[in-house]
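Here come two complexes built around chain A, the first alongside chain B, the second alongside chain C.
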Partner chain A sequence: MMKRDPALFMALVTVWLSFAVFIFLPFLRLLGATFVVDGKLSLANVKTVLSKAYNVKALYGSLVLATAVSITGTVVGYLFALAVTRTRISKVTKGIIGAVAMLPLISPPFTSSISLTLALGPNGMLLKALGIGDFSIYGFLGTWISETLTYFPVAFMVITAVLNTMSATLDDAALSLGASRWRMFRTLTIPLSLPAIVNSILLLFGASLADFATPLILGGHAFPVLPTEAYLLITGMFDLKGGATMSFLLLVPALLVFFLQRMMLGKKSFVSVTGKSGSRTEFARLPQSLNVVIAVVCLIVVAFIIYLYAIILWGSLVKVWSVNNTPTLEHYRYVFKHGQKAIKDTVLIAIISTVIGSLLAVVIGFMIQRKEFVGRRLLEFSSMLNYALPGTVVGIAYIIAFNTKPLVLTGTLSILVAAYVFRYYATGIRSVIASLEQIDPALEEASLSLGAGTVRTFTHITVPLIIPALISGMRYLFIHCMTAISATIFLVSVRWTLLTTRILESMTELQFSQASAFSIVLIAIVFLADFILKHVLKFTTAHITRSQEISYEQIGA
Partner chain B sequence: MKSMKKALIVLSMIGLLLAPVFAAGVQEKASTTLNVYTIMPEKYATTVFEEFTKDTGIQVNFVRLSSGEALARLIAEKANPQVDALWGGPADTYEAGVLEGVFEVYVPSEASAIPAQFKSSKGYWTGIGVIPLTFLSSNSFLKEKGLQPPTSWNDLLDPRYYNALQMADVRTSGTATERVYSLIQVWGEDKAYEYQKQLHKNIQLYTKSGAGGAMPIATGQAGSGIFYIVDALDIQQQGYDLVISYPVEGVTYGVEGSGIVKGAKNLDAAKKLMDWASSKRLGQVMVDNKINYIPTRPDVVVTNPALDMSKVKLLETSVAWKGANRERLVQRWIDEVIQGQ
Partner chain C sequence: MNKSALELIGVSKLFQKDGESVLAVDAVGLTVKEGELVTFLGPSGCGKTTTLRMVAGFELPTSGRITIKGKDMTNVPVNKRGIGFMFQTYALFPHMSVYNNVAYGLKARGEKDREIKSKVREALRLVGLEKTEHRFPNQLSGGEQQRVALARVIVMEPSLLLMDEPLSNLDAKLRIHMRTEIRKIQQDLGITCLYVTHDQSEALTMADRIVIMNKGRIEQIGTPFEIYSNPQSVFVADFIGQANIIRLKITAVGSDTISVQIPRGGVFTARALRPERLKKQEAIYKVGAEASLIIRPEQIQLGPAPAKEDQFPAIVESAMFVGSHIEYFVKLPNDSVIKALVPYQTGMHIFSAGDDVELSFDVASAVFLPN
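What follows is the complex of A and B.
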């Protein structure tokens, strides 16, 4: 196979080489920190960590939280995806839903956590308004709500992309064969979107498992989770070994979810884009009762998100929050005066990371789903490794690995780019795979048998078909590069600084108004970039997609 | 075929060459720039370094980190230091760093004018400011519960403070470890931990950073907490309805340090910063700009009455003792206060 496919061989060499440097090297250095004690292999560190009841509680807490968030997040995301792809509500409403659903994703998690405490915390405004007295947001409940709000947009994006690539003629067939709308939804729409559902659960589980910022603000001391405990251990006790060991405990559930996903999806066929279908028709209506559920959930979630971000916007526009409500633009002047460098750096880093990351995602996703080669599973697993590890640990591992020769990268732009690319391209890979699972390989086989080479087939058949999935992957990557903090808080330097760390600084320095202004600016940049990205891609791929029948107009906002 | 190959070549180029290219692109003039990690809040550091640049012509690049993060980084970067100096932050962080070998000995030109308890006996760090602990309470909360501003540590055990206290987590915050030192000075270690177990029942939240609880108190989410004076005054000066009070049993104070990182690439510039910091000039800059540290130079006149410590009982704890006992005390706090519940 390899001999006949030199392009695959070259791609493999490149990908494995980059993995060796940016995934395995830091990982091995970290393994060393965990399992080598006084120059010898030892389990002493693991024993120490597991001997403490509080750490076991943290492991348990992490698992419960990740499970809860992955389920609620996926359900809410699925309902939102149905709303924009399967209902008859106006395009404007769909645009609003898509835009609002993006908000939690494009602001750093601690921003919404803080407005959440202002709304639902002790003496919270919403609690007062609703007349609820004794309610504690700190602990499992608050963390769960906040993480569901933060991560359901991921599910929304992944599922929307797949719901859009389904063939509507199947709906027609089901209905004309006499199936009820419920039966059609249950036996057709849901099973066909199963890859997206499972991928969404996997992504959300991983994201929640690795999130340290939300539990840090909302978890309180009664609900410990591992990444936060690891972070506290590293930054508070300067105990890198203990922190690294704790994070390794997270690898076990991450691996478990990964193999579960392989088992569930391994043998089934989800092909719905076959090239054999006739002209495109509209998707069939959903059952009425489901429409009601969708309307209620979307309305509540959208209203709540708007409320939370209104607090932030308000905070950025008044002199002293809740004390002096005189409108002012002084916080924005502060942001553009003192935060200019951070804004420029962040945007530059995000653009570079998105371009490199999505190139890699397409190549890797394609190889994993469509090619047969030795070590395919290992490649798939390795590609997800940095994503599965908590960001704090990746950050520390990068510092240790790239601060000494031969590769001295600390303090450079490249280390930030590499951390982002090899952590967040995972979403791109997952959505490329999910969308390839829907596309019949017969389309590519036809191209091959008609004499096109593997490369021509890839660029002219496969790439156009997965473009909607790729766009959603790219958008997610860009957003994450703009907002993520856990890994890169250890990698920012005197030369390269990020907006998110500036926001966290403003928060810890009690500059709530400046933090709000920074957040609003960040959100505006992401929205603008997202808009440009979508339209540029639509324009440049117009000539390919005109002949295809895939519309990606509806992939959310 | 060509396009794919091209794409692959580009890909490999990006993957493998980008890094060194960017790394090599970073060159700077040695004597006129200085790279610093600052634990001192950014808004203060900006002002202070601007004045330093005015006086010496040396440009300062800095990034603000919490004390734990800063030290974790200095240790991780030991083989190839990314900065020349550490600025601000509790002196026990410096002592912990000395044990890890990340600091360089340098005695600044005017260090002799700084009292011995405000600087390293071996010359690893020099104090730039002093900050006692203080109670910070919301006036509206006190009124609502019919309370007076707390004047004793025991006042905070009152059930009326139930679920109303926010203060920093001992694992991440220098403010919080200072609280532990204060209590040990007041009652001895065992009784101090007994007290903290009692206090824990009234705690709403332990925050990551030392100042993290001040905003919730200002906005009425919490009622009271324990902070360094610099943070308490800062939020009070923003216009919130807050009251600052001190316990009669006394409080310890933090010494904010400064020191040169071992292997500093701009050693001369770093020495200039230390010399400047030991002069009266720094104290004056802080007084003039309402940066609420008490200068370590006794000959700088403090104008803010809130920083007048004549009526406050200040307890002495040597920085060396703090550094040597910190880890053990934090572990005990986790074991007994956090997990013991």
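What follows is the complex of A and C.
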């Protein structure tokens, strides 16, 4: 291969080396920490962890929570998807629903937890308004509500995509054969969207299992889950072995869900527009009672989300939350004075990670989609490993791997960047692959047949055509890097600190207003970056007929 | 000596698919003269596109050699072969204007801007698209995109123009218009051209010579007229135009004719194709074996029964008036159903289902093929 395609050979060597250091080494060290005791293979650590009732409770809690969230999130997401694809509400209303549903996706993971605390926590605004005195948001219920609000948008997008590709003539056929609207919905719409429902349940199960921020704030002592317990074991008790073992327990169901979800996507036939259908008819109306349910749920959820965001904004602008409501900008002054380093660090790390991650994504995505070489499948799988694992697992694996010689990286910028790059470039790789799948290889062949070499073809044809996909991949990468906490909480240091960890600190110090101000600044930065990238994207897609922008579904987020 | 523009010598291609190897192209040999337009015709999966892609250099042959203008090109990469390739999907670069699409190859070749400009303009003029330089492919109609694709290859003055079903994405009317136009430009510029198609009327109207392929092998090479009137195999007869194929028992063998027994009729004698096989007294052409009588529907006449010795008795199964013709399906006593297209003339008698008829045809238009 070295002779025939030296560029590919060099790329492969580089990629496999980087995987060895930043994916396999941490993973193996984590397994080592879990299963090697005194230089011998042993289940002693697992036994010790499972012998403590509190840990078993955490395992149980994680699974129950993930099940509950995957069900409620999918139901809410399905109703939202029906609202935008199957009801006659105005385009503007649909736009608002879509925009509000996107908010939780691009917000830091704490947003809904913080605002839920402000609304329903001690001295909660909503509790006071409703006159409820004795209520605790901490525990299963609060975590469940918060995670449902955070993750239902994923279900919404996955299901909307599928509901949109169905053929409206099927609806017409069912009705013309005498089916009632309920029967049509039950026997046609639901079964045809079943793959999306299953996919959504798996995605949400994985997301909830991995979620760290929400249970940390809202779970409390009464409702432990694996990621937070692993974190507390390591940071509170300095029990690295225990933490590693806990995170291994988390890894097993997470990988299982990941494999199931991949299998689902693999089987899926991409229903596409054939251009054969002639005039596209509108989808048939849903039964009236279902319309009422959709309207009520959407209204409540949308209103609640807007309320939660408003409350954070309001919280950041008052002196002491719920005690002294005098408007003030002092929290923002604090953020820009004492939080300046965190803002700079976060943005710098996010930009570096996005650039490196995107470059790597182009190379890896191109190799996987367009080249033939031994171990291609393995490369694809390995590239996704850190992404499939919960952040807590990756964070713990990284401190175990990079705390000791020969690679002491803890406390450096590189470890944060590496953690982000090898975790979140997966969205970039997926979008590059998805985009290359849509680009006819004949374009590259045309270039070659016109006398251009392979390098000119790559730079003049391939790269310009995948740039739109790359930019949308960069959007997600940047957002993830700005808002992530689960992996990096283990990796921050005095030298390098992040906005998300500052929010967490403020929350644990009960400085709710400060936490709110930090959150607002973070959200503002993310919105600004997203806005810029979106417009760059529009500019680059001007002449490419098919929009290369990819959806969360294609990425398999 | 006039060198041939293209020569394929024993070219084969073996694909590995799902652990099985498939022989997509089997020892294809062909010589194309300078300025000739040769079409590759055959059913899908017959290896015609693979052959074209090997000539282009997108695929490497498993064995055999390919020479262009006498130079061995078998292992030369695509971009060094000096060929032009037109794709079924046009493959216009969506992010480049029409001008930049056409100029792409010239730029890659490193020509001067001034020359590029005049060449691009000339090529666009030739295809009738002078005014679209600044537009982008998605702002053009299908026919216009097709012309840009044509301009993009001819501007390179390729020694060989390869086209892979270039018209299959156009609607029927435009397709007929474009094939005359492509043929005219090809002849005006004198470019040697290989043209892959599955549309036989395209092949018949455009080609100097047609190569009929089936299952990776060449079935027959010849001018459109030769292919139509002298098919060398049952496959070719069946594939080009419409043909009735009637299997009959041989009763006598002449020097270049054979005779067969007409079911419930007399004896019919006609010319046998592949006379070399007849001369060799091969078993397939022996008395008692079956031969296929090939007769095209438009060459059959119907008359009332009874009739002469060498005519075929039959019963009308269905008759359909299709405007210029009457389309009959008739059944021979040996149960083979054949089709006849009889030109309609005012006042002529039209048979109806169940009628006894006699089929007759000019002996010169009927041929026998060995099975």
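Throughout what follows, the second predicted complex is superposed on the first by the 305 of 557 C-alpha atoms of A that agree within 3 Å, B and C clash if a C-alpha of one lies under 4 Å from a C-alpha of the other, contacts with A are read in each partner's own complex, and residues count from 1 in each chain.
In the analysis below, contacts are C-beta pairs under 8 Å (C-beta built on N, C-alpha and C of every residue); 3 or more make two chains touch, one makes a residue touch a chain.
What you are looking at is a predicted structure, and each value in this text was computed from that prediction instead of being measured.
Trainee: Quick check for you: in the superposed arrangement, does A:Thr412 touch first (chain B), second (chain C), both or neither?
Mentor: A:Thr412 contacts chain B only, not chain C.
Trainee: Which partner reaches more residues of chain A, chain B or chain C?
Mentor: Touching more residues of chain A than the other partner does is B.
Trainee: Applying the document's definition of touch, where does A:Leu348 land relative to chain B and chain C: first, second, both, or neither?
Mentor: A:Leu348: touches no partner chain.
Trainee: For A:Gly453 in the superposed arrangement: first (chain B), second (chain C), both or neither?
Mentor: Both partners, chain B and chain C.
Trainee: Thinking of the overlay built on chain A, is A:Gly121 touched by chain B (first), by chain C (second), by both, or by neither?
Mentor: first
Trainee: Name the contact category of A:Thr497: first (chain B only), second (chain C only), both, or neither.
Mentor: A:Thr497: touches chain B, not chain C.
Trainee: Check whether A:Glu445 is in contact with chain B, with chain C, with both or with neither, and answer first, second, both or neither.
Mentor: Once the two structures are laid over each other on A, A:Glu445 reaches chain C alone.
Trainee: Of all the chain A residues, which ones make contact with chain B and with chain C?
Mentor: In chain A, residues 453, 456 are touched by chain B and also by chain C.
Trainee: Applying the document's contact rule, which stretches of chain A touch chain B when the two form their complex?
Mentor: Interface residues on chain A, with respect to chain B: 7, 10-11, 14, 17-18, 21, 52-54, 117-118, 121-124, 136, 138, 216-217, 220-221, 232-238, 240, 320-324, 338, 356, 359-360, 363, 396, 399-400, 403-404, 407-415, 417-418, 453, 455-456, 458-459, 489-490, 492-495, 497, 501, 505, 507-512.
Trainee: Considering only the defined contacts, which chain B positions touch chain A in the complex?
Mentor: By the definition above, chain B touches chain A via 1, 3-5, 7-8, 11-12, 14-16, 18-20, 22-23, 26, 35-37, 41-43, 46, 61-64, 66, 68-69, 71-73, 75-77, 79-80, 82-83, 96, 100, 163-164, 169-173, 203-206, 208-209, 211-212, 214-216, 218-222, 231, 234-235, 238-241, 327, 330-331, 334, 338-339.
Trainee: Where on chain A is chain C touching in the complex?
Mentor: So the residues of chain A in touch with chain C come to 440, 442-443, 445-453, 456, 460-461, 464-465, 543-545.
Trainee: For chain C, which residues are in contact with chain A within the complex?
Mentor: 56-58, 77-80, 82-85, 87-89, 91-95, 104-105, 108-109, 136-138, 152-153, 156
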